[in-house]
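The two complexes that follow have chain A in common; it is paired with chain B in the first and with chain C in the second.
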Partner chain A sequence: MICVLFSSAARTPTNSVVVERRSKSSKSYRQSYRSCVGAASRLCFTPGFTARRLNASRRAPKSHNVTDKVNPQQLALLMKTEWQLSYVTPLYQFRHTQLKSYSRQLSAFIAAEKQQGLAVEVEGAQSSFRVSISVVQGMVEADDDAETVLIQIHSKLLFAKKDEPQRPVWSGWLTCINGNPDYLRSLPEDFTCLPLFCSSGGEGLTAVVKSWFQQTFDCCFGTLEINHTSLQWLAALWTNCHAESSIQHLKMIWTLPVAPPLQVTYTVDPHDAWQLWSSVRKDPREESKGGEEAEEENSIDIEEVMEFMQGLKGHFYRHFRLDLSAGSLKQVTTALGSAKYSGKIKISNSRYMITTFTLLTECALLKMPL
Partner chain B sequence: MDDSTKRLLQRLIRRIPAQTLRTTLEKWGRLTAAQQRSMDFTQPKWALSEKLLAICEENGLTAKHITELEMTNVIDNPNQGMWYAFQLMDPEDDANSIELTQFKEQFKSHLRELVRPVSIKIKKHTDEAVWIRIAWGDSFSRPNHLKPTYVVHHLQTPYVFVTSLTSKQKPLLSQALVLSARYQAIKDANLSGRKLTAIRDLLMRKYQQVFPTMYPSPLGERNQVVSNPHIEKEQAEPAANRLQMACEAFGDGTLPQLQTVVYKLETKFRDHTNKTMTEREEPFSCVVKFASTNLLESLRHCASSGIASTPVTPLLSSILQKGRNYFVITDNGSGPSTQTRQPQT
Partner chain C sequence: TVNLNFLLCVSNCEYMNMFKNQIHTVMSAFPPVVEAGTPVHGNDEVERHLVLVEKVAYSKGLPPEAISVMLEFAMSLRMGTVLCARVLRCLIPATVVPQEAVVRAVVWLGVGKIPMSTQVLFIKWVLTMFDMIDGKDQLRAIYGFIFSFVTEENLCPFICHLLYLLTRKESGKSFSHLRYGPFIQRFPQFYSYSLFLPFLMHLLSLYKVLCPELVTLSIPSRMRWVRNHNSTWKSTLIGVQKRNGSQAASSIGLAFTIKDKASSRKRKHTHLQLPALSSVVNKQPQSEPSSSRKLVPLVQLHSFAQLLENMHHIELPAQMGSLLGSSLALQYLDFVQDESALLRLNFWLGYALYEEFLFCGDGGGFQNSDEALQFLNKLLSTENFLQGGFTSSEAFLYKFLTVWDGSLLRPQILALLSNIPVVPSSQIGRLLFEPLMQLFFTSSVFFKCGLVECLNSMLLKWLTWHSVFCLTLCSALCPRNMTLSGFKDSVMDLVHFVGQLASVGLQLEGCHSLLLSFTLDFYETVCDMFLKYGLPLVVMPPPGVFYPTLFATDPISVDRLAYIMYRYKVNLASAKSQEKLTEAFHISSQTFHEFNHYVVVMVNSLWNSRMFKPDMDLKLSEELLLKSSVPQHWTSFDLIHHPAFMSYAIDFHQKVSVDHIGNRPFFSLPPLQAFLYWCQGALKQGKVIMSLTLSLVPD
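Showing the complex of A and B:
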């Protein structure tokens, strides 16, 4: 099943079409996301500053039928698994057409690491590892996004019977959904930006895979948390979907800094959460009158998100006289998925996955070092 | 010994903490002094288990004896599993004069009338508590000793604590308890926790009681970083105030160790900035769960540190005052598990 799919139309933004567009900004060094957008926004009122935060406004989640674009079997591999997020700096000389050879190199690399007795040893008694790297065709949104890459590692247990098939022991994927086009176009030639790295499996293998990527594509990895603001965004974005697809509940977990630490789980009825959300939404007609955007779909503002959260916190305070703002939001869960502050994400409904990963791509781009 | 009894013994040995295995076996008293001496407690559990199996075969011990050993262990280590509190209601005239032998006989005969086969073991512990172990069977199977229910009842009090009870068994146990303890009804006390001692202390008020008027100024004990004396003086008063309010709600001593409290809120959403929601007829439903390794301690700290505004809301202080950790809150509701309360705006 190794990379049979990608050969025809895999999009590596180093092909001719993209190069043309990039030639005007072609520079010899790669730029960081922040410096790029910072430079662009020098023309605006708040130079550099806006790029250091998340977008204050984003499009309301549309029910994307990802299943139309992405092979359902591949999509199933991305769903219902809890992924640990990291950011990755742009990959140098990465080719979507070379995945077969990368698979071989990575499995050789793992074998070599294993022989040195490093890292992988703790995973248990496992014999040869089989690596398959493939493209998740269609798992993109904007034209500048590079195609998503899926890495799977299979292995056979040391004492397994001869005919027993190898089992998946580790998987991970690199993606870019709606990456900032200004930034992506400003990248020098030969760099592919897949800023979001999701992994699931033993720590040892994660470390080995990361180190192979670092050595091969001159990139670096870093931890990516889903911070307070992003979690609030997800709570609002997911609640916004309730009219189309039931969220079943809106569950938020806070921790409060007292001794011993106090955890507050606040679970709201889906319909009530949605009504509260609708009540803080600005009238879309009013928006289109004032706003210059000609978009037919309405956008969501950070003010609305904050007002929604304030409403929830206010209702809580009125009963318990306890201020949730003193604590920190650690987790948000609905039937669509769950997100944790520690950088763990699980998607349970593919329909809104693009919206979620757009936000996470943005977080990853922001977290990259200058 | 049959296979199921052997399994029961092996599982039990695995569960008894290694440090207390020797004393538990001594308390059990089914081994001769020589047999007790022949046990090498430095050996791993599986070896001890084999050895003990052999001794039990030799002494001709049966499932009945093994359950005794289990009971000894559970009584010594009660803080395992989830315990639920129940309260007996409307005592008969003779409820206060009931004694152990009478209760024992009554309980056994009442439960056996309701369910058969059933294995019941009753033991009185030193702290006046009666411990009951029930292994349930039904018309098709023998009593299942691997999933016993434990019941702790303090005679002459209306409180009963239960662990591992299914909803099918609950009405049977309730009826047997009500009849044998000489009451007319039993209700859920809306209190549960992993520590039996904590929920017992909470219900029986065995913690340090709060007497607000007698409370001395606690400022001297506080170990604050000395900074500007003026700032300190200005902050001292509200801090002392908060601490006093926190102690009025939760006391100043050691608190029973609860892990959670759950509130089911069905109240109106009131927010002067949100007209749509405030005018809405239906209540806003949500469930709030607080969790901590020592919940009451955490809540007291919330109040004394200012994270919770003082005075502490009755919703939080009633955990201790009412001895409950499950509440249903409505604006004007009624019913047995409903606490009627008008939340302040």
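Showing the complex of A and C:
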């Protein structure tokens, strides 16, 4: 049984529909513009005119034991936080060996910026921000990936007592998981490609950190949305993990371009999602017969993802006479994590985070101007 | 508790006439109808009203009465906290903010149900609108009440600022006997709150000036308020006031120093700003010992002489994007040809273009097209200076062409397009021709002219590049390692493409003479490719261009066609003679054949009066010609009867009959030749005479 929920907080019985309407008429033009560009922006040409697209096929997520490679304490910092994604153009003359000096520079920079922001200029105010920049050892997949860099900012609260310890107020990390090797190798040695920037904390600090990176490494930051296709990929990839690790539910939020816009929250029972997914899989058992080698290559095609989504949409249509393919997917949530169109991602289970971040790295690389 | 009559208030404001009815409905919908606890989620009606209020607020500003009602509505949290912040954001006054409304809202702060972030937002709003509040006396009356919020951690800086603005000598005095006196005395205990202190100290310094007996602390003298708290409101407010033509605009300028106008614009769209030219912070430690000479940052150079002097030890700026604004820096960039530096510049440039024109999710980029225009102009002047396009602008254009409407910043985009370096023949169709074809056939005749002109200028640049670099056999300078045959293929593709566009375009636009003129410009470039640019390639125009030109009604087009044919002849003859000498290249006999055929047609129709004879390209059935009852139809396109020259013929005829004998030397010539000379004089720069020397080139 597939259970459908609409966006009101209470869980409604199956087949009862509570339709939430949310007018965003002022944004409809903008959205249509974006969708028109979205299709085109997937195409990108390197100077050599090779067209880059989102991979049409990717390896099935394997339960990576990231904890084997990555320090669990550091890993814990990356989990359970909702990150706002950005893409970053390659960093010029970034050295993983100089992170200590970067930390000092960044904290001085923040202090200077904060001083400007204060209503009053005070002499001799000591820096109340402590920045630590560190490498997350092991947070890489391919040989060409640059090591992940974690930035943490600690500060004292305004009314904190003198002896109270500083608390983390902002964190962010730059990463590259399974970046396209051709692209990475095409860059000169002076450049370090860490295309995905995740941040969490006050917008003010995010802006300051970004501007420091821009001035120091001559790079640019832009917002990274998780588009319709990527969200569908995530829904399928996460569902694919259900056999090993329960997804508990597959929740999707769709918006439909009617006036006023309609928002539909569609929650699917994990077993039903898994069954549907298994039925659209191109006989994975047959492939795995080839032994361990074949299982390594076990891959998921975009066709399977589309078929899976089609199945979900078809079911919805049968019950509610509403064709979701007219709308777009805005959010996907499972027990493994959640992803939003606005570029927010939260990972709740570290075992599959590599797959998720491979997809996101790819999205970020697609946004690169060159 | 709100009982304001909105119909009345709105009708009082003349400038609101347009929105009168809507506003009336909106306002009447808000206060009386809305019950506490009405659901916000999924409430379409509220949403619709709010959108309307926002629209009015951002375009015209809200009248004072509307401000009161909306503020009351927001702060009373009648519909929850979500709407509260949203309403606050759109509270842009058209004229003034009623003091009572602010006072009432401050009182709502005391109720304590409003989330902290919204409370901060409200105080920021009051600070921004401070000078618009129609009176301060009642606010000063609740000075003490406002003061009590100082202990609120997040509110403190803003409350201090507000108090600073409200404080008068009397208010300072009034505390001394009120309960705040001791409070001020206990200020030193706030020392532990290091960040909190500056705001209070600043307020204290004011008290000390007003009532020195109250404050015994020593206050640092160097202190000043640095910035205004919310720039979005301020810029919207200025915009609204400009639109309303209100004189109040100037009073705002005094209260808030607009430090930098550019950044007060929407924060999101700052990508078009050039970064400042600044030197590198992170000096590479390993490079310092090896290079004994000191590197000079580009920022420190101010003249070309200084640049020359330090040419070999110049340090590039921290952000390459800053070079775009400095011609000195561009000269240096042109000189060094540093791959990393160019790549950095390209990354930045590509990012700016993409964010502005492709990724601008909310369409913001298109709203400030003024800035975009300036940016593109700057980019164009840079590209012209460097005599070449940037890779990133090229990559950007390939994407942008597929979404371009053909009118947004047309001159700039077409100019950028013409800077694209040679595109390999295998890619040119997909990258350029497909999107351009779509645009061409769906746009006005002016776009068509613009595009043909742009492609002509692109071809000229390619040919110039070829004649300069490839003849010197310096392959390092040839981008994309293009071979001569590869280059020829690309040029041929481009010429054929324009031929196709022009053929269909001329047909669609009824042989528009402007479009024809741009097409002929293009073929003037094409016919001379061999002699002027040393490219062993001759491509004839398609019939769709040749015939409409031959039968054009304006003499200049026919004249130019004759000139183009003449240049083709010179080029082909020269190619033929070189071919015999070197055999380095070969012009296909098909080209000669086409040329000869066109010449035969031209000569037959213009000179020999053999139009519509069986050996011509154009065949009309005998009956049809008879039906037209044109006498001697075979002469209708000869030089005298051609529609383009008819007026000249009549003129000539009159001239000859007036000056009977004729005082000009060429009247002694046979009449047709005399007519041609005369035409040449009449056309000023006429080239008709050239067709006299036209003759066939053997295939």
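Keep this in mind: the second predicted complex is superposed on the first by the 294 of 370 C-alpha atoms of A that agree within 3 Å, B and C clash if a C-alpha of one lies under 4 Å from a C-alpha of the other, contacts with A are read in each partner's own complex, and residues count from 1 in each chain.
Please note the rule applied: a residue touches a chain if its C-beta (ideal position, glycine included) is under 8 Å from a C-beta of that chain, and two chains touch if they have at least 3 such contacts.
Computed from a predicted structure; not experimentally measured.
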First, second, both or neither for A:G311, with chain B first and chain C second: first
First (chain B), second (chain C), both or neither touched by A:R321: first
Contacts of A:Q105 with chain B and chain C, given as first, second, both or neither: second
First, second, both or neither for A:V264, with chain B first and chain C second: first
Of chain C and chain B, partner touching more chain A residues: C
Which of chain B and chain C A:H242 touches, first, second, both or neither: neither
Which of chain B and chain C A:R58 touches, first, second, both or neither: neither
Partner chain(s) touched by A:L276 [first = chain B, second = chain C, both, neither]: first
Which superposed partner A:C219 touches (first chain B, second chain C, both, neither): second
Shared chain A surface residues [contacts with chain B and with chain C]: 260
In the complex, chain B residues that touch chain A: 263, 265, 267, 269-271, 274, 276-277, 280, 282, 284-295, 297-299, 301-302, 305, 307-310, 312-313, 315-316, 329, 343-345
Contact set on chain A toward chain C in their complex: 7-8, 20-23, 25-27, 29-30, 33-34, 36-37, 40-41, 43-47, 49, 89-90, 92-93, 98, 101, 105, 116-123, 125-126, 128, 156-159, 161-162, 187-188, 190-191, 214-216, 218-220, 222-223, 225, 260, 367-370
Contact footprint of chain A on chain C as seen in their complex: 41-42, 44, 47-48, 51, 54-55, 153-154, 156-157, 160-161, 192-199, 201-202, 220, 222-227, 229, 271, 275, 278, 281-282, 284, 318-321, 339-340, 343-344, 346-355, 358-359, 361-363, 391-392, 394-396, 398-399, 402-403, 424, 427, 431
Contact set on chain A toward chain B in their complex: 256-269, 272, 275-276, 278-280, 311, 314-316, 318-323, 326-327
